[in-house]
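Both complexes below contain subunit A, partnered by subunit B and then by subunit C.
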Partner chain A sequence: MRGTLSDRMGAALLMAPLLLFLVLAYAWPFLGVVKWSFTLPTPGLGQYQALITDDLVQSVFIRTLRIAAIVTVVSVAAAYAITVVWVRGTPAQRLIAEFCILVPFWISVLTRAFGWVALLSNRGLINTWLQSIGFISEPLTLVRNEFGVVVGMTHFLIPFAVFPLASAMRSLDERVLLAARGLGSSRMRTFWTVFVPMTRSGIIGSAMIVFVFSLGFFVTPAILGGGRSVMIAELIYLRIFQSPDWGLGAAISVVLVVFVGALMALLFRYVKPKQLV
Partner chain B sequence: MQQPGRAAEIKAIGIGKSFGSFRALDNLSLNIGRGEFLTLLGPSGSGKTTFLMILAGFVQPTEGKLLSDGTDITDRPAEQRAAGMVFQGYALFPHMSVEANIAFPLKVRKKSATEIKKRVGEMIERVGLVGHEKKLPSQLSGGQQQRVALARALVFEPGVLLLDEPFSALDKSLRGQMQAEMKRLHQETGTTFVFVTHDQSEALALSSRVAIFNHGKLLQVGAPDEVYDRPDNRFVAEFLGEINMLPLKGVKPADNGSTGLCEDRAVSMHCKAEKVRGDAILAIRPEHMSIAREAAAGENGIAATAIASTYLGAATKLDLTTRQGAKVTVSVPNEVAAAALSKGNSVWLTWPAEKGFLLPEGGQ
Partner chain C sequence: MPTYRPGPVSLILAVLVALFLLLPLLAVIPVSLTPSRMLAMPTGELSLRHYRSLIEDPRWIQSILLSIRIGIVSSAISTVLALCFSLGVWMFQPRFTATLVGFVLLPMVVPPVVSAVTLYFLLTSISGVSSFFGYDTWLGVAMAHSVMTVPFATVLILVSLSQLDRRIDLAARGLGASVWERATRVIMPNIKFGIVTAALLSFVLSWEEIGVTLFITSVNAITLPRLMWMGLRDNIDPAIAALSVILIIITVLVLAVRSFVVRVRRGSEPL
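Right, the complex of A and B next:
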């Protein structure tokens, strides 16, 4: 339902400071980046041509999409399980789930990345322990590769995946689940044929949030990838700060922003914004 | 489609349910006959819905036993009871088409695709939803959603169909239509129907028997005319419709019923004074009382003054006060009410001996 004109004016006024901030701090500088992408080092579409032909850029793009896809599937699946417990568990289970969801927000992404290094490195806790019980003789390579990146990113993104799912599960009519069981459907079958399809909008929203987040990840892949599994944000950083090639860095940024923008547009065609919180 | 013999017979023995310290149901015993249309009637919080949920298997009773065709099903989970259920608000699967909703219980039972198609088709025809097969529930009207819910609950030929206030969301005219439809479905399928409502006229219109609940207790079970005309207690009498209550003194058995004194005038009742002696309450439905200029000797009557009237179209509701201050309401022809009011003075209220019944003094 649409509000009256004065309602909408009021809402616009309340949002104005945030919009102004976003324009000054993001949109305006970004226009500068767009300009660079067409003008550095020489005016023209040269940087975009380089982007299409450069093998390194392409392999980084593909790796980024692959890691984002894996992280999305794993995060949403794990978040789904946690959210079921959080929304439908006993009071004690809910408390534990809530704790698991909220605590990660209090620890910085950097701290968590180094935490994973401590756990996963060759002389880290997991390898030491597995060797001490004689399960493996040589340490497993768990970090400074894609595996480490996926683990770190998944861990970071699960809490973000929880909220759209929780919103979908909370708005679900309990009687529909009772109806399914009353009609002879087992709990398992009810879960897969009724509960999961009814939370579809939450799954889509959750997957989109995780995927878009993953595309722009910087700190976690930089630390847990150890330079061997470079993702797109790290590539941009390298182009701007290490091999001064601002034009190419800017062109990659523009492509990333346009791609994410297109994904968000697609998302909001299927899911209403209010279903995501 | 349904062999009448397949309808289930359900026996509840001493069923009780407590939620913490709240007693939702207390020592309820009830037999639900094969193929009968039983209505559970009561105000909200009376325990009627809790009992339905126990029958469905969604709520586990704290004590008591539940038998279906002689088999103990008390501990059997809902999905193994094979009771069809129609929920308040219908609880259709929002992501499935009309067809898929109705096919769901058959798919769960692993019926063949051809059988599912045939039976879903028959059911859609039976409830008048042809042409809506591919629609989602959100694209249907309330009445159509109701039909889908009924079809889905009946398509697997359950031994018993449980209905939880299915008409509460419908407007009045649609309600009447759906009630007629449900009565027809009951006759066609021959299945046992257990129907929960708080609407007494719906209960009286639909059921073969009515069970009246209050505060977690089953107060009375009987055919609609039985509970309406011969309620066991004050709550049942009042809940089933408007009723006049007059204090009665010196009640004692007589040749063909009982007698007593109503505002110092002797009155007689056909009902027996089994449960009451001495002081009691005489209860008479408004439609069974008439206005007269005077009461003949031996006729049941009491003097009263008309104070207000409400025009109802077909009749007029007339409010009166007796000499000793009891309030009485009667339903009389319009011209009688006008005459009684215009006189503005004393009239007589009369009633046939078979229409008055005795209730114990005070309490329920």
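Right, the complex of A and C next:
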């Protein structure tokens, strides 16, 4: 198939526009950002040194890792619970589970963050209700802190965690489960000792996706954190737009890309890309 | 034949997760009906004033029209580029295919905030040269959105090509069809569905794009998500609740129609 001159010309002509577009509009400007990180405000490694010594930057990195870890554990566990029903439930249960997974998935991140503001803010649904039944007198602070950020991000990421889990559960041989039950294993024991271990690749894939996504998350933490629990992405935004320090913003971006790249490389050592969808 | 079904504990946990997923979507409904000018639960009477302000306030209409324009242009760019690229990959299977496809998928994998900084660098550089195509212009936003959506369009088109039978292309080729004829009269009619899906997904992704848009617009190119963002950050405007309710209803309707169509298609095929 390959080899003739006209074939190679044809392939080149068809593939060139997109490759050229991405080189000019993506690869080249990314190198520009890397250049910023080494040249602004003064040439040298100053920005990277600042990353290591700056207390604020340090605390934001640690907070981001902590939030990403919590969100990963909660999202994967919650996604697991609903995926079991989506994959193995009766047809009616499957339909309802699919609805609950896909409707939030297709709704924009802004609308979903706003929904949590409406629920959790001082004059929101939960505080109004708790006050009206006299359970609390002062509104609870549920947003503009880390709790709000974790809730909002978990909500956003559950559907993404579902897909690798569903693919692992679908490829699992049902006869093994029936054999375990037939040999007298209880429901609980079958679930923990047979079902869960057999979906391990899905759990790893889903945890990695959620973790990587949460590291670079911008919109939900910015809205539900209210400027008080800043994560890496928001720090980049603040460095570039509020205290114009393009060099530091660029340096954080470069570190983030390298970190995510290393994580992805690790992921693909354990899971094949096809198992993630 | 017996089947392995989830037990009562699984079902209860799944119901809790389902409630968690739906709760914030339902919460915007009462807020959208509040008569108050600020974010609050309605106490007593209900009002449609925030729905009316969506129609009466020209800013909402302008940003909706802008988002539609940007969505159409960026979806056209990314679908055409993705289609040509995928046809090249499928028809000629060039060397280094995996590397090239990997390169094309980068904007999908790189953290969005880094793509945003990158596109900000690009558009501010262009702004020095041209005033209507650069930072804070609608063409600049459309181009940035194309960069972000083209990996998704490429994946969808490559997937539908991978399900195509190569022999029909070999037959066309054996009968003397040119590359152009093979592409437009043999291959493309067979992946119509994939192309349309890619264009629609690109449009939807551009329509709701906010992470990159925030970095590359300031006062002129205010898309709908950008306007919602401003209303959410400063003083929460209940008009956003009204808009959210409308967007949620549209999403639910589209998903319902889609699942109905899928069911009918499956039903008509002999299994």
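As a working rule, the second predicted complex is superposed on the first by the 251 of 277 C-alpha atoms of A that agree within 3 Å, B and C clash if a C-alpha of one lies under 4 Å from a C-alpha of the other, contacts with A are read in each partner's own complex, and residues count from 1 in each chain.
Everything that follows uses one rule, which is that contacts are C-beta pairs under 8 Å (C-beta built on N, C-alpha and C of every residue); 3 or more make two chains touch, one makes a residue touch a chain.
All values derive from a computational prediction rather than experimental measurement.
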Next item on the list: Give one word, clash or fit, describing how subunit B and subunit C relate on subunit A after superposing.
Entry: fit
Next item on the list: Look at A:Arg200 in the shared chain and tell me whether it touches subunit B only, subunit C only, both, or neither; answer first, second, both or neither.
Entry: first
Item checked: subunit B versus subunit C as contact partner of A:Ala179, first or second or both or neither -> first
Notebook entry, point to check: Between subunit B (first) and subunit C (second), which, if any, makes contact with A:Phe268: first, second, both or neither?
Noted result: neither
Next item on the list: Could you look at A:Ala11 and tell me whether it touches subunit B, subunit C, both or neither (first, second, both, neither)?
Entry: second
Next item on the list: Considering only the touch criterion stated at the top, classify A:Trp192 as touching first (subunit B), second (subunit C), both, or neither.
Entry: neither
Check: Which touches a greater number of subunit A residues, subunit B or subunit C?
Finding: C
Check: So after superposition, what is the minimum Cα distance from subunit B to subunit C, given in Å?
Finding: 5
Margin query: Quick check on my understanding: which residues of subunit A belong to both its subunit B contact set and its subunit C contact set?
Written below: 178, 181, 187
Note to self: Using the touch definition from the top, list the residues of subunit C that touch subunit A in their complex.
What the structure shows: 2-7, 9-11, 13-14, 16-18, 20-25, 27-28, 30-31, 38-41, 81-82, 84-85, 87-89, 91-95, 100, 103-104, 106-107, 109-122, 125, 143-144, 146-147, 150, 154, 179, 204, 208, 210-211, 214-215, 225, 228-229, 232-233, 236, 240-241, 244, 247-248, 251-252, 254-255, 259
Check: Touching subunit B in the complex: which residues of subunit A?
Finding: 173, 175-176, 178-187, 189, 193-194, 197-198, 200
Margin query: With touch defined as at the start, can you tell me which subunit B residues reach subunit A in the complex?
Written below: 56-58, 77-85, 87-89, 91-95, 104-105, 108-109, 152-153, 156, 162
Margin query: Residue numbers of subunit A touching subunit C in their complex, please.
Written below: 1-2, 6-8, 10-15, 17-19, 21-22, 25-30, 32-33, 36, 78-79, 81-82, 84-85, 88-90, 93, 96-104, 106-119, 121, 123-125, 128, 155, 158-159, 174, 177-178, 181, 187-188, 191, 212, 215-216, 218-219, 222-223, 232-233, 236-237, 240-241, 249-250, 253, 256-257, 260, 264
